[in-house]
Amino acid sequence: MQQYIPDFNSWGKPKHECGICGIFGHEDAAKLTYFGLYALQHRGQESAGIVAGNGERIAIHKDMGLVPEVFSERILQRLSGHLAVGHVRYSTTGESNIINTQPFMVTHKGEPLVVAHNGNLVNSIDLRRHLEAKGSIFQTTMDSEIVLHLLARTMEMGIERAIKESFACIRGAYSLLLMTRDTMIAVRDPNGFRPLCLGRLDNGGWVVASETCALDLIEARYERDIEPGEVVVIDKDGPRSIFPWPPHRKSFCIFEHVYFARPDSDVFGINVYQTRKRMGEILAREAKIEADFVMPFPDSGNYAAIGYSQASGIPLEMGMIRNHYVGRTFIQPTQSMRDFSVRVKLNPVRHLLKDKRVIIVEDSIIRGTTGRSRIRSLRNVGAREIHMLVSCPPTAHACYYGIDFPSSSELIAATHSIEGIRDYLGLDSLSYLSLDGMVEATGLDRNSFCLACFDGKYPISPDKSFNKDALGGCGC
Amino acid sequence: MQQYIPDFNSWGKPKHECGICGIFGHEDAAKLTYFGLYALQHRGQESAGIVAGNGERIAIHKDMGLVPEVFSERILQRLSGHLAVGHVRYSTTGESNIINTQPFMVTHKGEPLVVAHNGNLVNSIDLRRHLEAKGSIFQTTMDSEIVLHLLARTMEMGIERAIKESFACIRGAYSLLLMTRDTMIAVRDPNGFRPLCLGRLDNGGWVVASETCALDLIEARYERDIEPGEVVVIDKDGPRSIFPWPPHRKSFCIFEHVYFARPDSDVFGINVYQTRKRMGEILAREAKIEADFVMPFPDSGNYAAIGYSQASGIPLEMGMIRNHYVGRTFIQPTQSMRDFSVRVKLNPVRHLLKDKRVIIVEDSIIRGTTGRSRIRSLRNVGAREIHMLVSCPPTAHACYYGIDFPSSSELIAATHSIEGIRDYLGLDSLSYLSLDGMVEATGLDRNSFCLACFDGKYPISPDKSFNKDALGGCGC
Amino acid sequence: MQQYIPDFNSWGKPKHECGICGIFGHEDAAKLTYFGLYALQHRGQESAGIVAGNGERIAIHKDMGLVPEVFSERILQRLSGHLAVGHVRYSTTGESNIINTQPFMVTHKGEPLVVAHNGNLVNSIDLRRHLEAKGSIFQTTMDSEIVLHLLARTMEMGIERAIKESFACIRGAYSLLLMTRDTMIAVRDPNGFRPLCLGRLDNGGWVVASETCALDLIEARYERDIEPGEVVVIDKDGPRSIFPWPPHRKSFCIFEHVYFARPDSDVFGINVYQTRKRMGEILAREAKIEADFVMPFPDSGNYAAIGYSQASGIPLEMGMIRNHYVGRTFIQPTQSMRDFSVRVKLNPVRHLLKDKRVIIVEDSIIRGTTGRSRIRSLRNVGAREIHMLVSCPPTAHACYYGIDFPSSSELIAATHSIEGIRDYLGLDSLSYLSLDGMVEATGLDRNSFCLACFDGKYPISPDKSFNKDALGGCGC
Amino acid sequence: MQQYIPDFNSWGKPKHECGICGIFGHEDAAKLTYFGLYALQHRGQESAGIVAGNGERIAIHKDMGLVPEVFSERILQRLSGHLAVGHVRYSTTGESNIINTQPFMVTHKGEPLVVAHNGNLVNSIDLRRHLEAKGSIFQTTMDSEIVLHLLARTMEMGIERAIKESFACIRGAYSLLLMTRDTMIAVRDPNGFRPLCLGRLDNGGWVVASETCALDLIEARYERDIEPGEVVVIDKDGPRSIFPWPPHRKSFCIFEHVYFARPDSDVFGINVYQTRKRMGEILAREAKIEADFVMPFPDSGNYAAIGYSQASGIPLEMGMIRNHYVGRTFIQPTQSMRDFSVRVKLNPVRHLLKDKRVIIVEDSIIRGTTGRSRIRSLRNVGAREIHMLVSCPPTAHACYYGIDFPSSSELIAATHSIEGIRDYLGLDSLSYLSLDGMVEATGLDRNSFCLACFDGKYPISPDKSFNKDALGGCGC
């Protein structure tokens, strides 16, 4: 058991989520899963794990750390077999907790049952109470353990029926992979909060992954998204699709497009790079500003900044340079180094900024603390005017479906007016993309999305009793 | 980075011996537990763990490795509180398995429940089947998980009643510590197979430990043994003793005295050093041999060899010298190094042995492979006659109560006559202590002991269905 | 556990680029040096080291690895004092070699003498032979050891005179820091091949560093560049400048601007970002191409690509996305993953590239192997036309002054025509920036630069005997 | 570079010394050297290193740590060749210092020159000054570096002549191995302070080692000791013996027999076990005491205690039990654990000691601190009378020849009378073996030994200027 140490790369942004990847039908299933997780590392940097099997034997390895830290060639060799399921995870506790790593594996009547889960259940407290009243005991604080308890109690009906019955009790977001001794099963909740896609390997094997960038790295062909409410059972006869529950309204998480997913991924059938670029273009239509140049905070703001620049005609510059070697540093700066927390990651280019009017295009503002420091550091090298454009509306509401926003009290847009935020950040002006503009950029219908973090309309009402701190088990 | 790759096919291999230690009522409870485990390291070298609490918060740390490898000063500081329970464990699989480390902690209705267990249940398969039929799922292969499932199902009656009911279902050997948020509970099975003692700290706090050597290191005063069938509940009001089950016949494990416990410990109320020395004395009465000197294989044979030497008048020498720095070496010797496996640990003193008639006093012979190599290495330096005296009778029967004997087929005394063993080992003569002599050395009544590994009379009949390989979870 | 296995047959392989940083007059000198090295990590990733002193005691710590891997808070605390010198190093051998790490410290007549060196001597073989004839012995393959031997033999004249005499024997590139018990001395060779700058801390202390980005991170004020041929002695009386040798023609390494330095640094008095952007602008003047968009290989090509896009009016896109979590992976891909070596670092954005005509602006082409894979990976996602513009002329000549180019036979421009390179890379067209255009972009006079890697005119002729493989110690 | 952390095993005893082992003429030379060092680990636990060569290539690996920590199978495979030289080292600085690890390798005119040294020079300050005046620079504080400087300056005469000339300047103790590209050379100083022996492998290869226990482990046959003043050159023609210097009086270190060497080794041609046992026998003749039993502090006192018991007729017991798992613990005990420093290593057997009169036979008393704690801990469990017999005379004088005694001011026998020591230790009585008795036990002539630590008569006068703290280079 090892301790998790936060790194500078994730300061101030919504951390977390999870990423999942599974392979069926390739002799190097664990290795392909490893690379799939490698491509999904941005979805979770706290722990990583893979379960692999050959239809008889099953083996697991998981630990705290990044994917390449957790696995070695030797370990992957021991994870032999044609079937593998992997998981990367970020959790908010700050407390190391190897017990909460995934995939999560139990045995029931001599049979292994594995889950790897991305998302968040909203009725986990009730479910847990209910299960404990029936005698269940819990070792972890993860939703996933609840899923396995429910399945175990219904497994005698067969796995498909067990899934139908078990998930009928569950409310919330879950894109997950189940694995038995010889079968891999992908389940996406009826709202489809989190993405999940199906791909095909050249040798005929199958891949399920959170994002298409995982398919790209292992050179799998994208087949299609797993549908909301769909269960795909993959065994030696190939994939078999079932829809055990009545259809719901779709609730795709728009924040995947705003910030979370990789720009080279297609998410909900749309390329993320292009959505972000269009967000910048629409921003240029909605917010006209005079400036010498437009710049992103690299890399997350790059794509909307490009869109803004092209649509507005204002030239793009990279006003801050990333230190490519920034990692997990534990050395405290000296007192004199006031801008350290910014500069260790992004250093302003003095000659570019001095006496200039600049527009920063930023993907989102969560707490505002990081942005504030960066603005100050730009002022310190002589920027004359600093305007900020945000390529989404103000994020004023907590997420109960698997993105680790801070609680509302820490969301700056929940407690401050736009003018108040502008003042806090030290900007000359601040504008946000409209909700309509953001949806328009995706090209999909507004009703396809969960927009709750922006408009507070929750597709599934969170438990009245919902209280993140009290919940001994939210997890993802 | 820790790795756990449970092998479903190796599940159920006898895991053996453990050591437990718990502290109630000292501000440095975790640190004292650490040192208690340090003194008990000989009882288990595979993994170590400590759970500590302050009546409100509870924290756990456990990992594969020796006690000083698993814990650091910093980790112990985080295990704060006046209450702590620790465990060291040995398993024979050779497979690391962090999931099977102890103490084992779950939550039930928001309350933590912890177990640290030394021993082995004989009806765990039945119990597990029964619990799975009721919906329980299992993550480990340990008996301890069964204990917690049983307790969880009865906890609403209160912990004392829950213990009474739960353990009424359980058959086998268990000296264990339970811990709730504010209470430590010691439980010893009605037969009292494994030792467990109670001690007192200078500041008024309480200690429970497998052996008294743990009390010595932390300078606690030995109070008394926990009785067979006794439950001692220790909370802020001090210890409270209950005997929930009808009395059984005692079945103290005599092998603790023969080999397993530390010679400086008192076990079952008797000092182990003195028992072993008396075994040597009685051997001298039973087996008279002419020789130039008597020698042990250090250090386990030292005490019986001293007894033999004093009673027989034959001088004692240390014919083989331990390499104090021998550790875990993974370097294979070269082909020419035929005696490597012996000499890396024990090197014969050539000048002492050349042309001499020697008696080796050995504590026990299990498989005989190590002894055979050692005898050959003594021959190679010129010993003229080599006689061996064993300070217990032939060990011909498996143990189902927590000592990791190999299966009967691997016990050399189960498959060979004494003459056959002598021949295999390459000895001039071989004699064993009689069963009566061994019991006499302890000073206790023969009926106090489980002698099953010597006489095959099992105090609790192992399950008819008992099959070590099939058992999906025996644990220690 | 560190390993150093020098291979006598590989001695003398060109070791390349280093970064140096020193602090005089700040109580946290070692910590500031640490952060300075952190900012200079791009100049060397193989090893790192810091020597620190308080005028009396002196301490050193150095090891293989990145700066944050080599140092901890605890180690920095032990490196106490107001004076510190640090070094980061890259070598190409792939062989770790802790003996060759820097700073390099010896004692002479009880006094410590330290060197941290960036550059490469061209007469090191002769010097070494000469010194060995006089009885010197060598432990490393570094030029720096030669420097110390020369200094030791003249130190009785006083350090300033010793520097004058010693460096008079030395030919080549050296920007270096020397340190005695109470003094820090910066030396830049008379040609000024490698950069070196002087900065000032708020508290009055002094900084010397390879690039200004190190000053930025520790919030030091840039004072001026150390001049070619200048020696700056910094002690309690502040800095004192001497010019011990007759003036030479300047020979600034233009490759620092082309590729090596960080874009946020000012090098030779000019901002690197702006030079690179102007290179792109001049490319647009020199090479006109029709295309749908222009893209860099991020991040090194970003700045010239921006310049090209702005000057040509062709929009900029980020056609390949960096995996931010790519690290040192040792896992071999499976056979089916043909584009792995590209995609693990840069993944093409399929939707952006499909059926498009694209221009790639690249900073330089050395071997061409990486570029070739990247082009193929762009073709694989459907790019219709791929043109490449390189923001410098063909690099056809080896560097003897501290940049680790491969030998001429591996430089693709030394063995292929431009058409041949285009064909090898699989491009539709390929153009290079002219030598004049490259120099123009810097705004400095052509005579200020060493352009040898482009035009083969070496400012200091390498030894006739110069033979990289025979050289028993070039180092950096 | 890593930090050295002292461990509990070496409290209070003279630490240090070094051990050396070399192999010529076996394809697994490095592996055999590894096992040789493994057997010599008691001679130095701070660092370990091996240089290996095949006549052309040469490779080195060394690091802080125990032998099995420093080497892995993979590393040994890379140390290929038929020729290898290894070293284990303990140093007194307390400061980690990988630079000071051995073997020490330099190149001179393209040729490698390696030294591995056990001993201590007494004129190293003068030599160093002399060499520095001639321009030599030093990187380490080791005598061995001086040896290499001297050799380098004379190598042109050929290695044998160079050895003759170089060592003619050197005064002190040196048993060392030199290695060139294709030759191994053993050198023992004319006094023969430290042991060095020659052995033969079954395949015809040759071994040189500090003690015969290294030969035993690798199953080499002991041939003979290297003589005082002898140089043995081993190359493809086998060993060739030369005696370059006029004969001296022998000065074998008797402390090797008293404490330092392993009891299973033959040192100076005599078995150490038997010497120690005879010391106990002679003690019984010199010091008669009434007691219930005699006991050692295991294991170093075991052999003299056996001798004493047999000669006196007083029975032997093991009154304190070693914790076999004691290692390097960094956890501080709690305040209440007053006897911790003793009990963590040796726990008294209460039942044995209570109300008894005991004689402790101890090999030597250096500072007395450890002994004092142990006596107190025996009192605490109820020993009635405690007498101590020491199997050597009082050690009242510093060692300048390679054993790390504390300075005289810390040697308790230098500052206290025997009565004063008895009082300090808390004993009922204390007697030492006489000088004559000690020498008699070895069976050799008194003139064969250096007895300086006992009688203050130094065979080679240490420098007037000798001051351990000022000496920038004592090493071993």
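Per-chain numbering from 1; labels A, B, C and D assigned in written order.
Going forward, a contact is a pair of C-beta atoms (placed from the backbone, for glycine too) under 8 Å apart; a residue touches a chain by one contact, two chains touch by 3 or more.
A quick note: this is a predicted structure, and the numbers were derived from the prediction, not measured.
Within the contact network of the assembly, the step distance from chain B to chain C comes to 2. The chains that touch chain C as well as chain D do not exist here; no chain meets both.
Note: the chain lying farthest from chain D is A, by mean C-alpha position. Mean C-alpha position of chain A lies 48 Å from that of chain B. The centroid of the Cα atoms in chain B and the matching centroid in chain D are 37 Å apart. Annotation: 60 Å between the Cα-based centres of chain A and chain D. Listed by chain label, the pairs that touch are A-B, A-C, B-D, C-D.
Against chain A, the residues of chain C that register as touching in their complex are 26, 28, 31-32, 34-35, 38-39, 41-42, 45, 66-68, 71-73, 76, 201-203, 213, 216-219, 262-264, 266, 271, 273-274, 298-299, 302-303, 306, 309-310, 315-318, 321-334, 336-340, 343-344, 347-352.
Against chain A, in their complex, chain B makes its touches with residues 1-9, 61-63, 98, 105-110, 113, 129, 132, 134-139, 148-149, 152-153, 472.
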